[in-house]
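You will see two complexes here that share chain A, one where it goes with chain B and one where it goes with chain C.
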Partner chain A sequence: MEQSTAVPISQSKPQTQRSGKIKRYMWGYLFLLPAIAIFTLFLWLPIFKGVMSSFYTIDFVKGDSFVGLANYKTVFQDADVLVSVKNTLYYMGLALVIGFWVPILFAVSISEMRRFQGFARVAAYLPYVVPFVVLYGVWRWLYDPVGPINAVLKSLGIGQISFMVDRAWSMISIVIMETWQSFGSAMLIYLAAVLSVPREWYEAAEIDGAGVWQRIRHITLPAIRGQILLMLMLQLIATSQGFQTQYAMLDGGPNNATLTYALLIVRYAFVRQDYGVASALGVLMFFALSILAIIQFRINNRGGVES
Partner chain B sequence: MKTMDRGILSNYDLKKPATRWLYYLMNLVILLMMCCMVYPILISLLNGLKANKEVNSFPPTFLPKEWHFENYKEAWNYIDLPLYFKNTMMIFAGNMVVTVLVLGLASYALSKMTIPFKSGIYYYFLMTLFIPATTYMIPNFINLKDLGLMGSFAAIWLPAGANAFFLLLLKSFMDGIHVEIFESARIDGASEARSFFQIAFPLSIPIFATLSIFVFATAWNDWFWPSFILSQENKPLSAAIRDFVLNARRLDLNIRFAILTIVLIPPVIIFLFFQKFILRGLHLGGVKG
Partner chain C sequence: MRKFSMMMALVMSLTLLLAACSGNNGGNNANKPGSDPSAAPSNDVGAPPAEEDITQKKVSISIYYPTPDRVEDRALEDDKIKRFNEVFPNVEVIKSDWQYNPNEIGIKMGANEAPTLFNTYASEGKFLAEKGWAADITELFNNYEFKDQMNPVLQDLFTVDGKVYGIAQRGYPTGVAVNKKMLDEKGIAIPPFDWTWEDMLNTAKAVSDPDAGISGIAPMGKGNEAGWNWTNFLFTAGGDIQSVDGGKVTATFNSDAGVKAMEYYNQLKWEANAIPLDWALGWGDAVSAFAQSRTAMVIAGPDGPVDQGLNQGGMSPDDILVYPIPAYEKGGKHYGVLGGDFLVINPNATKDEQEIAFRYATFDYFSDKGLESLEQNIQARKADNKFYVPAVLQYFKSDSEYGAKVTELFGKHDNVYQYGQETLGLIDGKPESQFNTQDYYGAMTNVIQEVFSKEGVDIKAQLDMTAKLVQEKFYDTIQP
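This part shows the complex of A and B:
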């Protein structure tokens, strides 16, 4: 890491050693100063303020007033908080069940394609560049009671499904849509890992009489285990904070069925103007998520050593 | 591409009927997947060309019965697209400048200069990666209000410099540049500023180019945060689309699709054009996601 071996050069000039050193340090700090200022002002300050304002009632006009633990009390008495925690866990679980295996499956399949592999890659990644607002607009129509998905269902003899309005379907619809959009990027990461598995391993396994499934089960999947774990953590961290899709598509409805925890924070802040409670919710979320972050750090570090 | 002598399946496997059918089935599934990926994109383009009555008909048609190219003209004039496009580009350009100046200089200092307490400062930056952004989203909002930045572009530009992930990528890229170059520059009497702008920055163009893709994607995509902290005349395209198109009550569906398609086309074209480059840069992103 430390490649700066510039020190001896200045030491070869003893008479200017001291002033040269100070001058060089000055340049270094000068270069770091903007970053330190910006990280302090726009990251550490808000983080610190969040903890502080969770004990205050924030009022932009009359000024803030200290309320002790009242904000936390509000959080634990609000029935919506429990609903939102359940919804968030449900959302994380659904994203695993519906979305997590999809990129792995397609990465293994596409790696086996003898022709047109490039097309498959590009097509899989294409939705990832679709802007969110376009995604919401188009999928609202796709999910429409008279939209194309219901047209297909009807022609298959399945009845109409109200993807957005039906409480049982709304969260599932959101997860399907997000999987459509984002599985391509995870797929490419898996694909790179699958393609870097030495061909000789398969050759040897085949000679030893291993079938196709056995080869996938005992060679391919263990080889991409690191990526799978990493993507699992990243997905959990992302979905535990998810709220934008739920907010834009359904505003937490129908009847709070898609009200995630982060969306509740937004609601407290921008609908009820209760920034103190919103900050308290944020602090509580931080403690819940730190556990996930620590695990991710461990995995990341191990991955870094391997590669 | 690698030569496909064999993958998991060997040529011998493919001669077995059962495996052969499996292979065909797999290709069929992939083909189906590709259609599912492309359909929503194509249909929004085509729906923008249909008469409003046809878009609302059931079952939906794929190709328009009559082609209404004038829809796109109407869509273009529905909201002030050039203004919002300009705002998005302002955000992109400003974020990029801040990234180069703030993070570039900092990562150069961290990577190539001798400074006391260097690792301490580095951890001061990196620690922020472990605090999920959603948890301090609201305090961040309050903070921007307290600083008096609310409504102006500065509220987006300046925080763009507080990106520990970019710093990490930049620093590890600069770690790969040989230190001898800078030593000889120092011997020749170049100042540190000159070393950065004339040596480190030009040599780091590949990583800055990769970052510019991320920065562009953020500027083009982000609608939630800008819609709360930017004033109306500074809002980017995506926030404007959300306000005036997605939430519009009286807007014909075909015009709506035409507007969405206009917003969709630039990133798709950029992607298809720089496809190889972007997919390679993605692996950097994949390290963190």
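This part shows the complex of A and C:
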């Protein structure tokens, strides 16, 4: 009898706890539902479907047909893939060399400014809001063989540079243009980090006789190291997917000098209508980017703790 | 730079979403039993089929409708819809301003969102037919009362293996638009219409002024247009893109003629210094450069650059001369790649929809109403101080009765651009290759860019390498 009375009591307790938990978190779960639905529909399912598509010849009208690893075989036999991988790595490297330090430099410089700091922030951020079409038009004009940059070079006695069609310059020109356009956004992140460094540290350093460069080297840069690492990973991920400018300005030319991996995917999908091979390329890229994403995630977590 | 999600959305989500939209059932309702609402019910088998009045059919079709910037063309289309509905009162005509794009057609067909009647280009006939994205309208065409008056030069481009897949609208053999004003200003002699490669080279060299950003000629150097432009020279040198023998397709563009054509491009760039320094120009860039007098010559379907020059560049008709593609040598052929606009019917449409779409497409063809409509268009342009630039080739035979009427109409209006008779007598259209045209153009673009960006390229080696690539990658996969 004791047992028979004890059992319902012991069973009812967890039930009460569970229902209490459900009640407690119900609204939270409900708020999660739209996000889960959207992520499932527009991200996870497409990724899954993309992986599946890489094993099929896609034909929207006549129906798909399973081809096993044939699409991957095409990828590994296509000489353009290797070219595009090299170009992408070159593009990523150039973006680091030419563009990565620019927002840091501007953030640190602006943080040191005593006057016009607000103006400098807005001025640096403005290019980021320029629409791409306008951006391409402006830079096409700037890079024109008889445009302003070449006019200056000519006046300095330096020869004319074919910024767009000289293979040695085409990718560099793209990176310079993109750096000009996008450094403002990264600069704001760095600036926020720099401004969050306790002022007392700088005051103490000044009392100890530290100059501007020493303050930057021994206080600012170490203090924003987490952000620098995070931005590095984000930039690597972003540039590894770059294709928009290469497509709009040069369509991957001259002679594939700006053909990036992502642009090759676009060509396979939308020029050759070969969605199966495009998916296979996408899947390979997905795995490569996943590694970068994991590193970024770890840095992010570690940086968050440190900061 | 875009995030990965964007590209993934473009490529990966495409298949899921489109498959969902189309149900991945092939989407070909026309082939489904019972999908045709007009199909006779099964218990009627044996009974004599009642004669159906097509004008009383109740169907809905979506049609190609001009983009918002083409106000006059929209007004004409609206007028056509109104008149069409007077004859076909039960037909609902839905306007679709989607413009054919080779990069979007797959998505449109997959999502079953392509209009019942859509526009396309001459180069797409075989591609659309093979993909199953153009309805076989052979029966409709064979029953068309004016089929024998349709211009065979154009109409044949959409006839594949004896089956008809499109309706010709207008077309052109590629030619050369010359900015006569630029030549006059420099005191350069106007070349004869029956010109040669050498004449073109000398003219381009004479007018070119690189320091001022002026080029003699702007051969397209970006995108597939580059390969398309160059192919005109391949043809005039006596070459061809491919040969087809017993179903086996072989690349032939690396022939001696191909070498000559590429050497000519090499001369234009490195000897004459006659092309733009920034030569990575697509169709729009090159034609704009022509309209802005930044280049004296451009290779294209003649109506495009003439229209831009007159209506956007503020040029006068006397400033522009249209030439055929120059012959390789005196007395040679002036071949230009054939191009043009066509209308295609969606194969996913029901038989009734396909028939109504065909009737809509040809509604104004060979009719006095069509002439009236054309005259209104010309007059509307006149009111806007704009020129009407007709296509070099029309859907009808130029020597037909209807052709004579149209010629007479054009002669009545001073804002209609008139092509020189000498050019029309010399210009000679040649169809593009049957197989993988765009793939070939894309591959050739790389060779052209190599030649334009590096001096002293081994042209024969480049062409051989590209021919091998195109052969192995595309032609060898074609089933005989």
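Heads up, the rule we're going with is that the second predicted complex is superposed on the first by the 261 of 307 C-alpha atoms of A that agree within 3 Å, B and C clash if a C-alpha of one lies under 4 Å from a C-alpha of the other, contacts with A are read in each partner's own complex, and residues count from 1 in each chain.
What we mean here is this: a residue touches a chain if its C-beta (ideal position, glycine included) is under 8 Å from a C-beta of that chain, and two chains touch if they have at least 3 such contacts.
What you see is a predicted model, and the numbers here were worked out from it, not measured in a lab.
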So, does A:166 touch the first partner chain B, the second partner chain C, both, or neither? second
A:60 in the overlay: touching chain B, chain C, both, or neither? Say first, second, both or neither. both
Classify the contacts of A:204 with the two partner chains as first (chain B alone), second (chain C alone), both, or neither. neither
With both complexes overlaid on chain A, does A:50 touch chain B (first), chain C (second), both or neither? both
Check whether A:121 is in contact with chain B, with chain C, with both or with neither, and answer first, second, both or neither. first
Report for A:271: first if it touches chain B alone, second if chain C alone, otherwise both or neither. second
Which one hits more chain A residues, chain B or chain C? B
Just chain B (first), just chain C (second), both, or neither: which does A:82 touch? neither
Scan A:97 for contacts with chain B and chain C and give back first, second, both or neither. neither
Is A:256 in contact with chain B, with chain C, with both, or with neither (first, second, both, neither)? second
Note: overlapping chain A surface for chain B and chain C spans 42-43, 45-47, 49-50, 53, 58, 60, 146, 237-238, 241, 243-244, 262, 265-266, 269-270, 275, 278-279, 282, 286, 289
Listed in rising order, chain C residues that touch chain A in their complex are 1-5, 7-19, 22, 24-28, 102-107, 109-111, 131-133, 210-213, 221-223, 276-280, 282, 347-348, 438-439, 442, 445-447, 449-450, 452-454, 469, 473
List the residues on chain A that touch chain B in their complex, please. 1, 3-7, 9, 24-25, 27-29, 31-32, 34-36, 38-39, 41-47, 49-50, 53, 58, 60, 106, 108-114, 117-127, 129-134, 136-142, 146-148, 151, 154-155, 180, 184-185, 188-189, 192, 195, 199, 202-203, 206, 212, 215-216, 219-220, 230-231, 234, 237-238, 240-241, 243-244, 247-248, 262, 265-266, 268-270, 275, 278-279, 282-283, 285-286, 289-290, 293-294, 297, 300
Provide the residue numbers of chain A that touch chain C in the complex, in ascending order. 42-43, 45-47, 49-50, 53, 58-64, 78-79, 143-146, 160, 162, 164-167, 178, 182, 237-239, 241-245, 249-251, 253-256, 262, 265-266, 269-273, 275, 278-279, 282, 286, 289
So, in the complex, the side of chain B touching chain A is made of residues 1-2, 4-10, 12-13, 19, 22-23, 26-27, 29-30, 33-34, 36-38, 40-41, 43-44, 47, 56, 58-60, 98, 101-103, 105-106, 108-116, 121, 124-125, 128, 130-143, 145, 147, 158-159, 161-162, 164, 167, 175, 179, 182-183, 186-187, 191-193, 196, 217, 220-221, 223-224, 228, 238, 241-242, 245-246, 253, 256-257, 260-261, 263-264, 267-268, 270-272, 275, 279, 282-283, 285-289
